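Chains here go by letter, A, B, C and D, matching the order in which they are written, and residues are numbered from 1 within each.
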Amino acid sequence: MAANFGSDNITPACEAVMQALQDANRGTAASYGADDLTARLRTRANELFETEVAIFPVTTGTAANSLALSQIAAPYGAIYCYEAAHIVTDECGAPEFFTGGAKLIGLASADGKIRPEQLTHAFGFADEMGVHHVKPAAISLTQATEWGTVYANEEVAAIGALTRQRGLKLHMDGARFANALAYLKCSPAEATWKSGIDVLSLGATKNGALCAEAVVFFDPKLADDFERRRKRAGHLWSKLRFLSAQLLAYLHEDVWLENARHANAMAAALSARLREVPGARLLHPVEANEVFVEFPEKTVAALESAGFKFYRWPLHVSESGVAVRLVTSYMTPKADVEAFIAAVRHWSVA
Amino acid sequence: MAANFGSDNITPACEAVMQALQDANRGTAASYGADDLTARLRTRANELFETEVAIFPVTTGTAANSLALSQIAAPYGAIYCYEAAHIVTDECGAPEFFTGGAKLIGLASADGKIRPEQLTHAFGFADEMGVHHVKPAAISLTQATEWGTVYANEEVAAIGALTRQRGLKLHMDGARFANALAYLKCSPAEATWKSGIDVLSLGATKNGALCAEAVVFFDPKLADDFERRRKRAGHLWSKLRFLSAQLLAYLHEDVWLENARHANAMAAALSARLREVPGARLLHPVEANEVFVEFPEKTVAALESAGFKFYRWPLHVSESGVAVRLVTSYMTPKADVEAFIAAVRHWSVA
Amino acid sequence: MAANFGSDNITPACEAVMQALQDANRGTAASYGADDLTARLRTRANELFETEVAIFPVTTGTAANSLALSQIAAPYGAIYCYEAAHIVTDECGAPEFFTGGAKLIGLASADGKIRPEQLTHAFGFADEMGVHHVKPAAISLTQATEWGTVYANEEVAAIGALTRQRGLKLHMDGARFANALAYLKCSPAEATWKSGIDVLSLGATKNGALCAEAVVFFDPKLADDFERRRKRAGHLWSKLRFLSAQLLAYLHEDVWLENARHANAMAAALSARLREVPGARLLHPVEANEVFVEFPEKTVAALESAGFKFYRWPLHVSESGVAVRLVTSYMTPKADVEAFIAAVRHWSVA
Amino acid sequence: MAANFGSDNITPACEAVMQALQDANRGTAASYGADDLTARLRTRANELFETEVAIFPVTTGTAANSLALSQIAAPYGAIYCYEAAHIVTDECGAPEFFTGGAKLIGLASADGKIRPEQLTHAFGFADEMGVHHVKPAAISLTQATEWGTVYANEEVAAIGALTRQRGLKLHMDGARFANALAYLKCSPAEATWKSGIDVLSLGATKNGALCAEAVVFFDPKLADDFERRRKRAGHLWSKLRFLSAQLLAYLHEDVWLENARHANAMAAALSARLREVPGARLLHPVEANEVFVEFPEKTVAALESAGFKFYRWPLHVSESGVAVRLVTSYMTPKADVEAFIAAVRHWSVA
């Protein structure tokens, strides 16, 4: 079968996670999070983030993001983010649903990162408009970004400073947080609350879990009543131990980072090799596990015919070629990279 | 360890379900439901219900109920149900959240079943009030009910007839549908669409799944856009195969019914033996896997001290004693029943 | 034309209010509440309530109630009230809409008043249920009640004490607040914040305004961001001076109380005379401007045929007769009372 | 007092409207729209639009827009509009609130008009994204636009054709519909349903009413249940005759168009004269009653110091000067235009 770079969500659970599920599947356990595994997850999260956090397992990234945002933005609030952020284009209005109607205000960006000066300008506009405009409430950053780039901690911190100055809250959509962290080579604390993040959507499903994400508040007081928000969204599992078990295994020692490092390495390998291929144009620095590359239409068509899986990327429009997204995962074989590069070379020359 | 009759959600996944998860955990698969297991689940559902249905796996019963209701009730709609239905008291306002504000109108009932004449009366009131009142939209029945009783198919059909006559929709909260079916000894079709049910929340978690429920529409056209409702609620799994796999295993041949039969048999055994115990008063016929029984306070306290797990039931208030709920499950050992009865006898005599 | 006791909302604006509108209709004025009349209304409200309040004019009672409730109840909150309160039966789900899905929990009552012990019991149930149940947030009283009775200040205060004890908020639906006040013969302060009310829906439309109500917060800090709630509900008038003008004229000296006293007097006259009519049965003490009375069906039919206007009241079901509601207003002529009583006597004898 | 070009909502009601309110203020009338004036408004609307319409008076433009949009866009729907449309920037999230979370997707435009090809592109993106993206539901045009330009009927019709082709609905925010119509010199029918408009927010407040707008559906079937949406938003007046009376007077013969023609003429006069002033730069064609003009900062500051009222316009950023918005109304005196031009000339020369 030809290589599949369609997404990192086509993967199964990694071995450690599946084993943890089997181990958890013994005997009865208290429901709704009163079990031992959930308690242990709390301890592990505190240790990992080097501070007391409030962690809530949920089952999808959309739920994690939307629940997190609903906690920090009033229904009449404004949430500032990249204009093509996942929460804007890929969640079917979930943030609006969960917040009760808050408005996502999209900011333009070439590389998926938003900048402090854009926020300052947007706040100025909101101030001019007063009661007629939604009230600045929160900012959401995606880490790694939708274009496979990674915010430096200083970049996050600059936005964090602005956020605190206005009394707003800063959310990080960390669907690929592990990949970003593997790139940044810093501690989870440095990449989050030490840089001003108030609440993190901690992804795991794309990087080795079966169906587990978590919402992490770095100030537990900010999580007041969050339990009820999760419950009324149908996201409180009765057998919660099975979400906690996944996350515990995922965050055990370096499991998650090892997974991410492999995915990143495969993306780096892809991009390094693509740089040498005539006709291939990398659109962004490859800092996590996504490669955005432009090929001539005939190359893309040939790759598709040959059975390679990936997405033509609708957000990049170009006259010179077609943009495609290649995503690597914790289990992408090196051979897939080689096979793909060989095919690209073949069709580029042809 | 003393017997635990706290709930059927304290159980692990049954063997068939856990095996199915492991089997599904091989290689990559298309995400968001474009996988083979989800396709097979659709086929199995059609076969099981003897008609073409639209089935959507989700991860909790609250999600199943609320998504189903949001599909059939406008934000200005009225949903009629038992006044202490799970959707009223136990879902933290999820139905209101998902429907955008529809009103649950609770009807009194001694045994958890609502009656056609109550609905006729309620519709008459709505008609008198006109635009000032929420608009009758849907009816929700719980099967088995919150008091462990089971609607006869004729009882459902009578409400179904009324529902269709008014142009409304009929929902069944089947968190314990398997237990009801095991009691009714009829086909799934007879217990649902043949009796007028439009949409079913098909429970599996309490009866052997790890985290799987499903919303089943008996007219696929009624499911228009339901995909988007599920997505924007954060209930579309990227690795959906793992929900489908659970449901497939659960609905394979008689797995689900065998599980339910065992749970029901244990509840029947409990109630049969309790009938002989002086001081124990059964509050309702035991038709599924829940036993509601009143004991003197000192008996309850003694059972608790002895380590037995169950809930004092807040909805039943009595001067003569304390109501407790005992729930059996697919894995309740016969020995637990015996141990409990022995203890009750001991403390009743004492 | 025969007398019309259908409602107090069939009336035009009283003279003082209409004159104020004409006076306000001169020259330009700052929009959205930055005008002089709105400033003067604020001053008048502070004076009237003997404390610094935050007052927000709106255009309907439904808007006033729902906006007020949305300020004090989270989307996952519970609002306790009489089970047939106007907010439950007559506002088409507006409270659920504005709050984003909070649940109204209706308490039974013969006379429309709820009691502290009912609340204590309901809170106990909520505490047992924990995260699965909506969170107690607010209590709403209707003054005068839906049955034309009036809470004594002590009755309000007892609920107010309980409210504060739990950290909840207390709302008063004062659609007929002036009628209640005229009955209570106390100060507006005594009837509200001094008895524990946090926010009042101050009605004016039924008692002489054209289209004006107000939301009054007795702690201005509780009104944070309320401006934005009003705006996003489409209830911030650009020409707000025309709402403020009505309220200023209405609350000028005793205009509102004089109007209410007349309405109450007419209701009192009706009830006094009805007490002497054989076959008429008063259902509740008449303390404001509504009379609920039961007649034999033939009397009701005859009155209707004779052209009298009133409503058969669907919430009271009796085998002995038909309940009707008679509402008097600031402009009900004494002659209408006489004509109605004469007709009743005539048909009762016949 | 210096001239006030701040907005057209600083005006009082015009004479005809105020007279109608006084005339309506006699005797009792059936409430909630069962009165004669409301019936007459329906007849007048049918006549005016040359087809059977469903017309619903409401009290603000925000309410009209949001209620209209909630009728044609599901909570998971997309509404396409100009990126700085009033519904996006000036209504504090009301469309999101009323629709239950639909997403406004803003399209760039220099002159406030959106183009069919932008919509085609946006629909293509939505199709690519499938269930992960909000579902195309509606398009909203502002007429006259936020930049004082007016869509030609052909421009509307081209969008209308595209709308019908996709099975979507087309809304017109006609807060300044009269001004647009006065410019277009066509019939109300031609400017709306004959060009593909499904629902119109018909403004009146800015152009002579006290507090009246209307939602007009050109296919009455599209208005199913709209009554309940209006009610639950607190926008059904009990004394609805007073809204209907305003609209009847406003739409009587040419009252509304005469008002608009005057406003437009004053704006035209302003722009004609400004064109001759060195240093003044008109930013857009002046087709309705708004003039957007750029002056040097010192001119703007001087005009402000002299007491002239207008807004610096935050949406236009320029290094060469400051953009201001001048709005004329039905009662703008010619002398105000002259005085303003004289002042501009004075300060431009200085």
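Note that in this section a residue touches a chain if its C-beta (ideal position, glycine included) is under 8 Å from a C-beta of that chain, and two chains touch if they have at least 3 such contacts.
These numbers come from a predicted model, not from an experiment.
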Between B-D and A-D, the pair with more C-beta contacts: A-D
Farthest chain relative to chain A (centres taken as mean CA coordinates): C
Separation of chain A from chain D, taking each centre as the mean of its C-alpha atoms, in whole Å: 41
Between chain D and chain C, distance of the C-alpha-averaged centres to the nearest whole Å: 35
Inter-chain centre distance, chain B versus chain D - centres from mean C-alpha coordinates, in Å: 50
In chain C, residues with contacts to at least two other chains: 75-76, 91-93, 97, 100-101, 131-132, 134-135, 228, 231-232, 236
Of chain C, residues touching chain D in the complex: 4, 6-7, 9-13, 18, 21-22, 24-31, 58-64, 66-67, 91-94, 97-98, 205-206, 210-211, 228, 231-239, 242-243
For the chain B and chain D complex, residues of the former touching the latter: 32, 74-76, 100-101, 131-132, 134-135, 225, 227-229, 231-232, 236
Footprint of chain D on chain A - complex, ascending: 75-77, 89-93, 96-97, 100-104, 124-125, 128-129, 131-135, 314-315
